[in-house]
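For reference, the structure is listed below as structure tokens.
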Amino acid sequence: MAKDRRAQTRTATDRWQTALTLIAPNKILIRGYPLDEMMGRLSFAEAVYLLLMGELPTPAIGRMFNAILVSSLDHGVTPPSTLAARNVATTGAPMKDSVAAGVLAFGPHHGGDIESCMRFLDTGLAMVRGGKTMADAAEALVDECVKANEAPPGFGHRFHTRDPRASRLFQMALELELEGEHVRMLRALERALTARADDFDRALPVNVDGAIAAISADLGFAYDLGNAMFLISRLPGLIAHAHEERTRQAPMRQIDPKDHDYDGSAERRLPETRK
Amino acid sequence: MAKDRRAQTRTATDRWQTALTLIAPNKILIRGYPLDEMMGRLSFAEAVYLLLMGELPTPAIGRMFNAILVSSLDHGVTPPSTLAARNVATTGAPMKDSVAAGVLAFGPHHGGDIESCMRFLDTGLAMVRGGKTMADAAEALVDECVKANEAPPGFGHRFHTRDPRASRLFQMALELELEGEHVRMLRALERALTARADDFDRALPVNVDGAIAAISADLGFAYDLGNAMFLISRLPGLIAHAHEERTRQAPMRQIDPKDHDYDGSAERRLPETRK
Amino acid sequence: MAKDRRAQTRTATDRWQTALTLIAPNKILIRGYPLDEMMGRLSFAEAVYLLLMGELPTPAIGRMFNAILVSSLDHGVTPPSTLAARNVATTGAPMKDSVAAGVLAFGPHHGGDIESCMRFLDTGLAMVRGGKTMADAAEALVDECVKANEAPPGFGHRFHTRDPRASRLFQMALELELEGEHVRMLRALERALTARADDFDRALPVNVDGAIAAISADLGFAYDLGNAMFLISRLPGLIAHAHEERTRQAPMRQIDPKDHDYDGSAERRLPETRK
Amino acid sequence: MAKDRRAQTRTATDRWQTALTLIAPNKILIRGYPLDEMMGRLSFAEAVYLLLMGELPTPAIGRMFNAILVSSLDHGVTPPSTLAARNVATTGAPMKDSVAAGVLAFGPHHGGDIESCMRFLDTGLAMVRGGKTMADAAEALVDECVKANEAPPGFGHRFHTRDPRASRLFQMALELELEGEHVRMLRALERALTARADDFDRALPVNVDGAIAAISADLGFAYDLGNAMFLISRLPGLIAHAHEERTRQAPMRQIDPKDHDYDGSAERRLPETRK
């Protein structure tokens, strides 16, 4: 029988389960591990991986995941999310309100590409499991994009022609031997797009969302958690902008993104001691 | 002349400045450092510190900050923020909406104690600079709390009598030689509270917010960023709960926090290889 | 050529237009009408209609729209949106934060049914324009629902077997002669569902979202504005609950929806003088 | 004994009460009145008043409250709340996310003035109850503002020198005989400010927030509900702007408020038939 989409009325014995965190007096277990034991022995990124995935990451995965989280830390003043956060901050609202408003701006076209790209890659891999070569699957996907008059998710950037964050993620995935079928599918798409360059009105390099999508999918992340990684990564960026807005600008300022300049540190390199 | 609190009308030459991130074609600089260079060489926590504070942390501060961020990762099903997030998730709303709702629940009594405690410690330190001993300043502050019929911020917990996260943070601060005047002020408050135990209706151990407040203040964080650390730390917790709600439960569920059980991993220890 | 989904870089002459409100010194025009003139001569609902639709409503439409907005004013403690709002309120967060969290909980299964139902009705009407009778179109739609194991949007309620709000809206639409093809399509679906009652595991009366969807569609509202009406209607409900939580309850309360009772006014009737 | 600010652990018999809405099968009572009975007989504004205040408004209060809600319906493109909403809308996020972000922008300097002004007026009235004349109380309050280098809440506007919405509200309050001590206090402040005009760097006419504050206070609204009225009023404005952004503009647009023009209806008058 067809189910009524609305929930049934509650019965009296509705216990429900959670597998994430056990709270007992003076004890906090995250997926079974004592939180105070994790502190100082796991990096924050490794602890996040544990919480989301249920098991500790290997050292290689821990390094990869740290890099993924660093990759989307901030992208300056102009993203709509940062402007939403700054517009809330200028009214004197507290930090958390600015941040929440910025998070809400991660809509389908902004920060939501990781999930779309993960699904897109899986569509291609389904073709491969159905018998196509990876190259043919990639071509078929590119064909659909041309017909739909849309760039594939994970490719293109309104500002960069070669996304340095994507390149670095792929380099690390290679070095750490974490490349899998999703990364290979993405590479095939790269080649297919290059071959069909004339069918698009601008260059479509792989972008950081595509790199995160491919590598995360190979790490076994669910679609829903793909976008979550972007949230975790970008939150400090929103915080930094909200804080700068409140500390450097007058309240109730009309914020025109066009009119900003950068007055921060000149370019500098990390000390050699940091490897 | 008294100023009108509302902003002046804009003039034509209103350039404004940001010192956080420089975006140029194929280049992203976070406080001057290339983002792709940071990836793989800085942990996410170190990158966050850099963005918020403007300079790289020392290795000791990097370890401390990682631990601070791990400390508030999650606290189970019952916090109001987690329930707000789950109630949004049960309606089928996307991850970011659940997370934003959870963030909004970090009001004055919940996650907002870090900033209150930082200010409170500074009130005590102002007394010290004015001539009081630390012990006398602590007593004076505790006096005011008794009169106001309120526990001091940074102390007490609705569940734990000895907050394991606070103990661990103080242990690390000692080992890493990062203790400063705020930590000493907090310790003085601990002793003063113990001496006045009869004036309060329950034990008031220092809690994780107090530990974070004291250590962050000694690291030079602004008040506004105190609460921000809690946001960064707890965001993955909100994500994990929203994700679990959507993957394990029927939609439009009536969520009673009282009726939950833990069915996750039994307690386990980190492997010795992780130091 | 396929377009890059991301926005082009901005050019220098990017003026953009708004047709809603003109602000000039000492003058505010809403769709051309002076706001101070509207005050006292238009009800709030009529003013909202003007702003959203661009023209004044007829008196009949004004009465209908007032009723639509009243219909979803509140539905007690148990909706997830109300619980999200109360969980934020209990932390001491200000009214607007509670309200924003409640708004975020209007996901696909909760308050989002108006838009789904509007689209659903249009699917049926497209079949009618293609040659089917309304009865056959309704049957075809119900068939699809049975196959998909889902109730159609606009029908069913987790609590009511005859939604008094839907009945009243239809009665008014009839009296005010505002029924159109969408309402007739909905009635046809009602009959088709009754004929197929055995294929569903519970009664599926038309609910208030279905009534609002049908009537609003006949009034010419865009899909996006269908859900907006629910937001406008329910906002005072969220406010009232947040306010009651903060004024009647202790902060940081664990809120179990199961454990509430009603202690408000006994049932009473409107005075005869109100028609 | 001083109380621990955190909540006590829950006991088993924690029933809690709500007085707002009774939900029973096929019955919804708002403060005791059947919702379907209210539909068509009460305007939305009157229904909102009933829900918030617990009793039906008199016809005069109903007219006043409708006007209050109309007064803050929208104020064009430039307010930070509207820009936050548009920045979220441009990312493709759904209506409710844009609206929630806009709501978050109603910080202390933006939409939060109603509550500040209500408290401010009460400060003056407390002086009057203590023996001062209203004129002297007003002067004392203005004195404090000059010393604090701040305009009083409820006065001044970044754009209007004579707020037409405030004038209209006062006119209606007079005609409907709803003026009380708060309105008289506000008038006294107006006169005191005029006398001290040289101490401020710009004209400070009473604004709509001041008018709403005074009239609402005389109607008996709690402080918390003062700001709530602004939320209810402005929500349709946020919706209209989010909708216009999504329907008229390309996604991921960089929104510069400076660059907009109005292309809506020319000024027009309400038909005589509307009184």
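Each chain gets a letter, A, B, C and D, in the order it is written, and its residues are counted from 1.
Keep this in mind: contacts are C-beta pairs under 8 Å (C-beta built on N, C-alpha and C of every residue); 3 or more make two chains touch, one makes a residue touch a chain.
What you see is a predicted model, and the numbers here were worked out from it, not measured in a lab.
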{"item": "Furthest chain, CA centroid comparison against subunit D", "value": "A"}
{"item": "Interface residue overlap between copies subunit C and subunit D, same or different (over half shared)", "value": "same"}
{"item": "Chain centre separation in whole Å, for subunit D relative to subunit C (CA means)", "value": "23"}
{"item": "Rounded Å distance, subunit B centre to subunit D centre (Cα mean)", "value": "33"}
{"item": "Centroid spacing, where centroids are CA-atom means, of subunit B and subunit C in whole angstrom", "value": "39"}
{"item": "Set of subunit D residues in contact with two or more other chains", "value": "5-7, 10, 78, 94, 96-97, 100-101, 104, 106, 109, 111, 158-159, 251-252, 254-256, 258"}
{"item": "In the complex, subunit C residues that touch subunit B", "value": "78, 80-81, 83-84, 87-88, 90-94, 97-98, 100-101, 104-112, 158, 251-252, 254-258"}
{"item": "Residues of subunit B defined as touching subunit A within the complex", "value": "5-7, 10, 14-23, 25-45, 47-48, 51-52, 54, 56, 63, 66-67, 69-71, 73-78, 94-97, 99-101, 103-104, 106, 111, 159-165, 167-169, 172, 222, 224-225, 227-228, 231-233, 235-237, 239-241, 243-244, 246-256, 259-271, 274-275"}
